[in-house]
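Read through the structures below before going on.
Note that subunit A is present in both complexes that follow, paired respectively with subunit B and with subunit C.
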Partner chain A sequence: MRRLASLSLRQRLILGVAVVGAGALLVALLAIVIAQTSAADEQPLAFSHKTHAQNGIQCQFCHTGVAKGPVAGIPSVEKCMGCHTYIATDSPEIQKLQGYWERQEPIPWKRVNIQPSYVYFNHSSHVAAGVSCGSCHGAVAEMTVAKPVVEMNMGFCLDCHAEQENKDALWDCTVCHR
Partner chain B sequence: MTNFTRRDFLKVGAAGTATAILAGCSQESERWVTLEPYVRAPEEQLAGIPSWYASTCRMCPAGCGIIVRIMNGRAVKIEGNPEHPVNRGKLCARGQAGLQLLYNPDRVTGAARQEERGSRKFKAVAWNEAINTLYEKLSAAGSAIGIWLGSSTSAHLHDLFARYAEAVGAPPPVYYDLYPGLNGYRALLDANAALFGQAALPTYNVARADVIFSFGADFLGTWLSATAYGVEFGQFRDQPYGKRGLLVQFEPKMSVTGAKADRWVPIRPGAEALVAQALLRLIADEGYGGSERAERAARLAGDVDLDEAAAACEMTREELATLARLFAEAQHPLAIPGAALAGTGNGTQAVAVVQLLNIVAGMLSVPGGVQFPPEVPAGLTAPQPSSYAEVQALLERMKAGEVRALLVHGANPVYDLPPEAGVVEALQRVETIVSFNPLVDETAVLADYLLPDRVYLEGWGYTVVQPAFGGMPAVSSQQPVVGPFHDVRSTADVLLTVARGIPAAAAALPWTDEVAFIKERITALPKGAQGGEDAEVRWARFLQHGGWWPETAPGSAPPELAAQGPIGVLPTTYDGDEADYPFYLHLYPSVLLGDGRGASLPWLQSAPDPLTTVAWQTWAEINPVTAEALGLKDGDVVRVASPHGAVEVIVYEFPAIRPDTIAIPVGQGHSDSGRYARERGAHALQLVGAAADEAGANFTWANVRVKITKTERQQALARLESTIDPGPDVHVPF
Partner chain C sequence: MAEERQQGHKWTMIVDLDKCTGCQACVVACHAENNVPSPSEDEIIRGRANHWIRIERYWEGEYPNVKARFLPVFCQQCGNAPCEPVCPVYASYHSVEENLNVQVYNRCVGTRYCGNNCPYRVRIFNFWAPHFDPPLEQQLNPDVTVRGPGVMEKCTFCIQRIRRAREQANVEGRPLEDGEVQPACVQSCPTDALIFGDKWDENSRVAKMIPHERQFKLLEHLGTEPAVYYLKGGETHVGE
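Entry: the complex of A and B
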């Protein structure tokens, strides 16, 4: 292997450009990965999971589909208004909610957790297997704005699948990539 | 690393780019998806679980059953209804594309008024005001109204309009657009009326036939119902006891059906009746197929020049005799009259002559033969396509100023008829024109009011299926699978509201809304395959299963034969002198765009035509031999001119067409109808005259001669197939 010094100026220039280019790509890659796992900071209204959990509301009261189907679901505006017609009506954030209700508009929530389209995920089978909400979503009950604190990548899924009794079946590619 | 070469640099660069691309396929766009939960969640909806609703497709008049996948209140996919007797779970490209009618960005979003016709400046009007205006105009017009409906009009709306017209003393609605026009529905109806005394669209039992002679019927592409015939064609090729049906297709230009045929006969345009006569003559003279068939043929065959008929098929007289024998000696032979022969000056007789082959073979109301539609109970009837004579009568009334208000629903007369028919001039003499169509089409541009109806995925209705496949009488249900996407109103409800204020019509249209009307008619049907003792249950099952049909097809007796002797067919005459216009023009409805209503849907525009693989454009199919003689090649823009008009189209060298014929698909060349249709390709109907055929069934569109002149321009064809020169070894069958 020749030493770097023995390379011609032109060769060194090319190598330099290549290294800088590769570095730039790496940074871009990292930025994409970070973007993938970070939450939207700004939600249309400052909903606090903590306040609701402290008042004894169970996850499933609002996320009704979690034990029944693939998607946990976001409650309808009507459901929010079921309580907030009477509760905390003087709060500016609740007045925002009432605005949506009066205009009969859906609240444009920003998504917090997402799996790519090539991943099949079903909430109900996990809930049925006794997986608690927190093991994937973190301590949402202590968050004001929900954050994707757990990086739900393939390793995270497989760590848990590996510990299960029917581990062989759960390790099959087509369990999630179907 | 000994030396960092340019190649190494490229390798590093490529690896880096590949990583970036792989990472770039991440869900960046998905990540920032905004969630839109319900304002009020329907109780039966569960997030992430789709609902399926049954309804009826309305992209063509066949009446296929569909099931629509609904996610969170949005229609996301249309499939065929597996229970439905017409399409049996299958669906064509046009049916799939129905979603894009619902979500079309150019839909009329509410009632609107146009100050100046043709200005394209529409002012939104409140619905109450619009309905009031319609009431004032209709009540002032009295019987001086015209109603023009088309194949996307639901049967219940046709029925309501017909009742309204009768109540106010106006002529019945005209039910005509290019779909029945280019498929020869009316000629088929009239020919059957003359032969059997039954004016009904028959079905041809392709599934059980063993030899089929199709005279230009593109039954796997556009003719009557490509999905229903597609299912039957599968059964035709895979019959019990290993039998495989044999299909002979007579047509000047290869269609989708021709491409699947065992033998493709490039018949001269307009010679179909002549060849059918010759086959009858040969069966009679040679005694093919046993005494019974030969005797019937002797009674029904006319005089015919066999040599001329053989020449029209580019074959010898012996080869033609072989075909006659093949037909006559088959167990279940079937002859199908297609669309192009119905568009000639003597279309009705030409269709009748082809039907004679089925009569000779004794293939009426038997498996593998011609089947006639059984009667649907409770007085439900399918609206019959109007004859061109009826269309002309309405146009005459309009030109004479006898129509003060014209209501247009489901048809687009300006596009659907050749310019010489004078639709635009006739429209100018009408005081008030109202369009109920979902898009601003060529006719709506000349309208005063747009009162957009719900599109079929949003609206109620039913279709009395015709022709009745498998001999099964069926009423196909149409229900809103999603809520209206825009501020649109059901035309039937608008009509019922208006009629309440008009004394002559109020008694004839007493229903509170269209659902009350539909329910009353449907619950009068007896118990069908869907069951239900109670009327309410039957109604629910009607919606749930996609319609009403009996458990088994009732079967029908062979019709009484009205024709006892030969049918005289005049030789086809052509518009344009052979010296000036050396080529025959062969028009055909596009498999994807249909009669042109598919042009506003980008899925259909971008899907390649099955035979040429061209998308988005209008091309002229020219035999390579002809193209070479004229010095033309793929991509040359040519001017095709007939005695009636001219269009500019792009040359496509196509080996499967006669050298003396030019074929152009119909469907493009819209001046309006939304952004995807507008100013794209050419409307080949401009080459056609507006003269009626002998029976007044249709305008004559299949007997036109054209000439071609090269222009200086070139335009690349948007096509999928290779454009590499195949070399001299490619087989050109001429």
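Entry: the complex of A and C
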């Protein structure tokens, strides 16, 4: 405090501005982080998993890659239009979809579940092992807006891998990291 | 010494030096497959060439009877690896399942102990963030991590290809077949000088070739138990 008292008025002013500036920067950074993590809420279309699941559509009908390879995949606009040329055509959201179709643009969906770049997840291995979609993705069939349910960190993966019969093989770093 | 068969696979490479022409196709293929950036001339002069495979060239004889000998050197995937015990954060660790030395990039803190303890000098340290001259940044392999600065890296025997093939075989409910996994270097070798497979699979091409009368390992006296077997080249063996 003595050191602070020895500062001139001008130096104190500069120090004050610097502290306020740093605080403002921190708040701004926090706001950006929050905005990014909640980006999943703002999809280009108000797509509802719930509506589709209630009408008896299975996950694999749209996420076709899930049993075949690493990536589950997002359906093409063509796939959406396969039904929506006839179904609910008067809804404003479906008209938005038709707009993408007519402009021949892909829908810029925002990613919901994010993995770091050094993690390699394979959907097909998990489907083949009988892991249900809900174990990681939660009750998507009841969500109007898809949201991440579990925090998909390493602990979450290993908790399940440790319970398996071939846990030694599933405990290997190369299973996920390459 | 008969090796005891354990869990997983024993991935093994055979390098036939009689067939190697030193063309460096393997080096190029490796760069493309594993997102290895190309070093500048200046960096190479400073000893910072970052190839996961290097072709060592030896001149033999006096002019005019000079011959070039080539020796491709990459990570020997030692069974008793000097790089592993020195890592303070277990980033360099031994995969029990694949029987390979694995570098876990997200664990690595860049002490470089492993590189200094490797007798084969095959570990590469990333001094800077990777740079790919356009349009090379658009051909990065999505199955391989792009390593950041401060991280040690090395040949992985194309672990991403091994894992992909194993996962596919697993989904289809069948055992892995010999020849299903091919690292990029093996795939690109025009003279078939590189042979890859699981030594513990008795019917694999690799298992059938070992032991071979021309066989030797690099710095075998160090007791590192490399998983790479070299087959001697030279006149005495031509046409074998």
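Criterion: the second predicted complex is superposed on the first by the 139 of 178 C-alpha atoms of A that agree within 3 Å, B and C clash if a C-alpha of one lies under 4 Å from a C-alpha of the other, contacts with A are read in each partner's own complex, and residues count from 1 in each chain.
Definition applied: a residue touches a chain if its C-beta (ideal position, glycine included) is under 8 Å from a C-beta of that chain, and two chains touch if they have at least 3 such contacts.
Just so it is clear, the structure is predicted and the values come from calculations on it, not from any experiment.
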Touching partner for A:Lys110 - first (subunit B), second (subunit C), both, neither: first
Partner chain(s) touched by A:Thr85 [first = subunit B, second = subunit C, both, neither]: neither
Subunit B versus subunit C as contact partner of A:Gln95, first or second or both or neither: neither
Subunit B versus subunit C as contact partner of A:Tyr120, first or second or both or neither: second
Partner chain(s) touched by A:Ser132 [first = subunit B, second = subunit C, both, neither]: neither
Partner with the higher number of touched subunit A residues, subunit C or subunit B: B
Which superposed partner A:Gln58 touches (first subunit B, second subunit C, both, neither): neither
Which of subunit B and subunit C A:Asp172 touches, first, second, both or neither: second
Doubly contacted residues of subunit A, that is, touched by subunit B and again by subunit C: 68, 70, 116-117
Footprint of subunit C on subunit A - complex, ascending: 67-68, 70, 116-118, 120, 122, 124-125, 127-128, 168-169, 172-175, 177-178
Partner subunit A, residues of subunit B touching it in the complex: 1-4, 6, 9, 12-13, 16-17, 19-20, 23-24, 26-28, 30-41, 46-49
Subunit C residues touching subunit A - in the complex, by the definition given at the top: 7-8, 93, 95-98, 100, 102, 104-106, 143-146, 156, 159-160, 162-163, 167-168, 170-171, 173
Subunit A to subunit B touching residues, read off their complex: 1-2, 7, 11, 14-15, 17-18, 21-22, 25, 28-29, 32-33, 35-36, 40, 64-65, 68-79, 100-101, 104-111, 114, 116-117
